[in-house]
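A short worksheet on the structure shown next.
Chain lettering (A, B and C) follows the sequence in which the chains are written, and residue indices restart at 1 in each chain.
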Amino acid sequence: MEKETKTNKTLIMFSNDLDKALAGFNIAIGAVSMGFNATIFFTFWGINILRKENFLPCKKGITDKIFALLMPRGPDKLILSKMHMMGMGTWMMKRVMKNKQVAMLPELIKLAQDSGVKFIACQMSMDMMGIKREELISGLDYSGVAKYLEEAGKADVNLFI
Amino acid sequence: MEKETKTNKTLIMFSNDLDKALAGFNIAIGAVSMGFNATIFFTFWGINILRKENFLPCKKGITDKIFALLMPRGPDKLILSKMHMMGMGTWMMKRVMKNKQVAMLPELIKLAQDSGVKFIACQMSMDMMGIKREELISGLDYSGVAKYLEEAGKADVNLFI
Amino acid sequence: MEKETKTNKTLIMFSNDLDKALAGFNIAIGAVSMGFNATIFFTFWGINILRKENFLPCKKGITDKIFALLMPRGPDKLILSKMHMMGMGTWMMKRVMKNKQVAMLPELIKLAQDSGVKFIACQMSMDMMGIKREELISGLDYSGVAKYLEEAGKADVNLFI
């Protein structure tokens, strides 16, 4: 009989701050590289991390259009949660990361997908913010809080980021 | 002999951001609707979510009075953690939620209490911020970090929101 | 045969907000006082909590120097995540805590170390932000995400703060 042990790692990516996204993807990639299953559940602002960079004309209401416009479109548009300084902080951080050859967010997202991190986009958040599936990158599952709780119940590490 | 399995879900509601509160309550309500026990431990700013809307004259020091005045009184006063835009972001989000008939925070709080989510208010945070029990909604337990850790130790999902 | 039960508590201290740091240390100290092992993994902004107050001239590049200058140096320099009000909020909170004899952050850090909370500083974050080991307080382990995941896998409570 197989011994039941939970070793999965599950992250809720609620934020779209660049710094928090970097932390989340580094943890998830670390987990899969150690042989664990890792799932990231993107909800609320976190949905923005999954948006394609290019503007995609979609049929949606005016409020949804404004909303979509005001939120960052994809990983390159994210900013730090601190040291805003009119964009200087984010610019500096990216420069430092590049100089030190630390992996940037778009690379981390690709690496995470390639190495088997499971991405789940919260459908309810998408509906609320008026984001359509065709506006998001491919390779996603779409689901809700019930699915998250099911995954989280199989994991021994659960974080809200 | 009963097999011991942890299936409870425990959330620390530290923030009083509208968006984070929405996420927390949706997770807790999702959990109880799936048959799990769910506990929300309200600490620090999170205490403000539990405040009654109406001003209640209490005997307290001047600093406590100023503090209480500067913090949001109840779920209707919370604002988003992002897209402040002088209140526009929160107003837009509420309008979107209303249009799409997504449950608003006051309804979620009621639903959570009615469906058996356990609410614990952190007494130490209340003391620090000078918030009295009569200023909070009814149906709460009052406790501290030891109680939280006891509950968290019986849960398989623990989140800090 | 020893029954394997996870009772450790592991916190990721990502933030350097005063309020979140207070919450994190109170949880960790609560845990060790109840007989559990507690580990705090300081990453990203959280590294700043561990910085010595006094400026230490270090050999580093100009960007690293600017970065270090822009981030808070040690627990006394942290500010609240909310109620900035040009520093008023943090000043008020500290005054309230002092009046009510609530332990301040520097005391909590010392208490945590004295009572056996394990401190791990994320080496990758330090490299990225150009913070040297000699700039941080003593008594730290230095490690990365793999070590964190190893510790987290032995814990029944894992929080991202």
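Methods note: a residue touches a chain if its C-beta (ideal position, glycine included) is under 8 Å from a C-beta of that chain, and two chains touch if they have at least 3 such contacts.
Everything quoted here is computed from the prediction, not taken from an experiment.
Chemist: Note the rotational component of the Cα superposition from subunit B to subunit C, reported as an angle of 0 to 180 degrees in steps of 5.
Modeler: Subunit B sits rotated relative to subunit C by 120 degrees.
Chemist: Copies subunit A and subunit B touch; is their interface built from the same residue numbers (over half shared) or different ones?
Modeler: Counting which numbers both chains contribute, under half are shared, so the two copies meet through different residues.
Chemist: With chain centres defined as C-alpha means, what is the inter-centre distance between subunit A and subunit B in Å?
Modeler: Taking the mean C-alpha position of each chain, the two centres sit 25 Å apart.
Chemist: Hunt down the residues of subunit A that sit against at least two other chains at once, touch-wise.
Modeler: In subunit A, 158-160 touch at least two other chains.
Chemist: Give every residue of subunit A touching subunit B within the complex, in rising order.
Modeler: Where subunit A meets subunit B, its residues are 6, 12, 14, 16, 43-45, 63-64, 66-67, 70-71, 124, 127-130, 144-146, 148-149, 152-153, 158-160.
Chemist: Can you tell me which positions in subunit A touch subunit C when the two form their complex?
Modeler: Those residues of subunit A that touch subunit C are 7, 9, 19-20, 22-23, 26-27, 30-31, 34, 36, 82-83, 85, 89, 92, 95-97, 99-100, 102, 156-161.
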